[in-house]
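To start, the structure itself, in structure tokens.
Residue numbering begins at 1 within each chain, and the chains themselves are lettered A, B, C and D in the order written.
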Amino acid sequence: MRELFTADSGPLLINITLLAILFIVAIAIARLRSLFAIVMLSGVYSLVSAAWYIAVDAVDVGYTEAAVGAGMSTAVLLGAMLLTARTAKPEKPLSKIGPFLVCGATAVMLIYATVDLPGLGDPNSPANTGPGMTYVQINWFDTGVPNVVTSVLASYRGFDTMGETVVVFVAGLAVAMLLGFGERSLAETLRNKKRKDKEGDAS
Amino acid sequence: MGDLFANIGGFWELLRHPLGGAACLAGGILCIISAIGVLRFPDFYTRVHAASVTDTSGAALLLIGMALMAPNWLVLVKLLCIFIFLFLTSPAAAHALVNAAHVAGLQPRIGPVGAANPEDEA
Amino acid sequence: MTAAALIAILIGMVLLLVRALMGPTLYDRILAVNAFGTKTVLVIGLLGYVMGRPDFLDIAMIYTLINFVTTIAILKFFRYRSFQVPLARRVDPAKGGE
Amino acid sequence: MQFHGEVGPGGAFQAGVVLAVAIILNALIFGLANTMRAVPPVFARTLAAVGVLIYVGVGFWAMFQGGLFLEYQALFGEPPGGHDGQHAGIILVELGVLFAVAGAMTTIFYALAGRVAEIRDEDW
């Protein structure tokens, strides 16, 4: 038992605990029917997964998960719940078997594939010896930017990042095209206020 | 005199890591206690009381412990920012929560200890 | 020491999760999720120390704020069923405030 | 976060989302109508478009200076080895991403939160 708490296996224990919490939350989200509880639990899910990203040293992914998963998506999901019912439809018991089989088969294949994966931070893995290492070596001479991730994203693959920016823009535009720009509520509030003022003057 | 100050500096450097570790451990134990309280207390309002143990003493002890172990000034400033944010937002959130529950008509559980829970009967 | 504190907080998180799943009323769930967020902030801070790189506190800082926003959003939505009602009124100096 | 972007972790996308979350907090506290008066929806979607334009504009600026599309080295026509163009180009491009993300997220939030639940009589 003592080895579990020494420096070497402490991070392992933390990883296992965080992943176990993630698993429990995922099962709970799948089982619950109240949409409110599901929105809140998805907030919990992204909190825990961001903590886990930091535990495996992926700090910028943790940043993104913190900003998008916990803050933005909760507000947007609550806004979407305005437009729909409060609880999910109950499912027929037989209709779950097909998806369950597909998910189980995928899980078995993924677990089989992890046997071949290199360890976390392994210096001999393909990702660390191939183009990744080249970027790290030539980056300072090429761009003079200290952070390799930024120089790869913005400089070496600037065209790719431009595509992503356009995708975000188009996504915002598409939602606005489908649902309207939200200006009607402003117009309606102004109209209500004007009417209330008029009633106040009359009385 | 300067020699004494140098000694104090060295002594502090030696002392601050065990002190910080002890403060962190105390904070962690308080977190467990508050979680047990949230799990075991009978009704919503007492649970809010248990949860606020984390927000006040648990978080304060942990942040003080981390600040004692801080390697440089930037980390110290960030910890101070977290401290201020936490102490501004968590009372506001707790008040909003209890206010919403009260307005919605959630009644506290009143009666002798060990009485049957009205939620169970309903 | 920090690793022990971290594991203690993780155990606390699991207990809170049980409350969030059991929670007889909706407010219990919100309370558990809010306390969970506070604990996550502390976990992120301690993780930096355990891994020897305490420079990640920015994320903990942002979490503190985002957790607050989420709680307020859920409560407000639950009470008014809409985002459009103001919670606080701006005091108009011309009218002397009402 | 935004100015972290070049030398440390974090970046424009996250900063944009945080900006949008700030606007959402304002909407939660002061009401959607007041926020829409402070940050009009027109401004939000214009911001998104301007962000994309800044990004593409940096690319075309490099082209007009005689380089390739998005070749930051050519921004100021400096010899190889100089890094001012790289720094300026990355900062400008990240500014574009910041504007685009913040504008798009705010537009999505307005579109979802600003829906009137049912159509009132006066709307006809």
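In the analysis below, contacts are C-beta pairs under 8 Å (C-beta built on N, C-alpha and C of every residue); 3 or more make two chains touch, one makes a residue touch a chain.
All of these numbers come straight from a predicted model, not from anything done at the bench.
Enquirer: Which pair, A-C or B-C, has more C-beta contacts?
Expert: It is B-C, judged by the count of C-beta pairs in contact.
Enquirer: Could you give the separation in Å between the centres of chain A and chain C, each centre being the mean of its C-alpha atoms?
Expert: Distance between chain centres, rounded to whole Å: 17 Å.
Enquirer: Between chain B and chain C, what is the gap in Å from one C-alpha centre to the other?
Expert: So the centroids are 13 Å from each other.
Enquirer: Using mean C-alpha positions as chain centres, tell me how far chain C is from chain D in Å, no decimals.
Expert: 27
Enquirer: Please work out the Cα centroid separation of chain A and chain D, and write it as a whole number of Å.
Expert: 20
Enquirer: Find every residue in chain B that makes contact with two or more other chains and list them.
Expert: Residues of chain B never touch two or more of the other chains.
Enquirer: Give me the residues of chain A that touch two or more other chains.
Expert: Residues 59, 63, 66-67, 71, 75, 79, 82, 185, 189 of chain A each touch two or more of the other chains.
Enquirer: Would you mind listing the residues of chain C that make contact with two or more other chains?
Expert: Correct list: 4, 6-7, 13, 30, 58, 62, 65-67, 69, 72-73, 78, 82-84.
Enquirer: Can you identify all of the chain pairs that touch?
Expert: Listed by label, chains in contact pair as A-C, A-D, B-C, C-D.
Enquirer: Of all residues in chain C, which touch chain D in the complex?
Expert: Going through chain C, the ones touching chain D are 58, 62, 65-66, 69, 72-73, 76, 82-88, 90.
Enquirer: Can you name the residues of chain D that touch chain C in the complex?
Expert: 1, 4, 10, 18, 21, 24-25, 27-34, 113-114, 117
Enquirer: State the interface residues of chain D toward chain A in the complex, per the touch definition above.
Expert: Chain D reaches chain A through residues 1, 5-11, 13-14, 17-18, 20-21, 24, 32-33, 36-37, 41, 45, 48-49, 51-52, 55-56, 59, 69-70, 72, 83, 86-87, 89-90, 93-94, 96-97, 100-101, 103-105, 107-117, 120, 122-123.
Enquirer: Which positions of chain A touch chain D when the two form their complex?
Expert: Of all residues in chain A, those touching chain D are 59-60, 63-64, 66-68, 71-72, 75-76, 79-80, 82-83, 142-147, 149-151, 153-155, 158-159, 161-162, 165-166, 168-169, 171-173, 175-176, 178-186, 188-191.
Enquirer: In the complex formed with chain C, which residues of chain A make contact?
Expert: Going by the criterion above, the answer is residues 5, 7, 10-11, 13-14, 17-18, 21, 24-25, 28, 36-37, 39-41, 43-44, 47-48, 50-51, 54-55, 57, 59, 62-63, 66-67, 70-71, 74-75, 78-79, 81-82, 185, 189.
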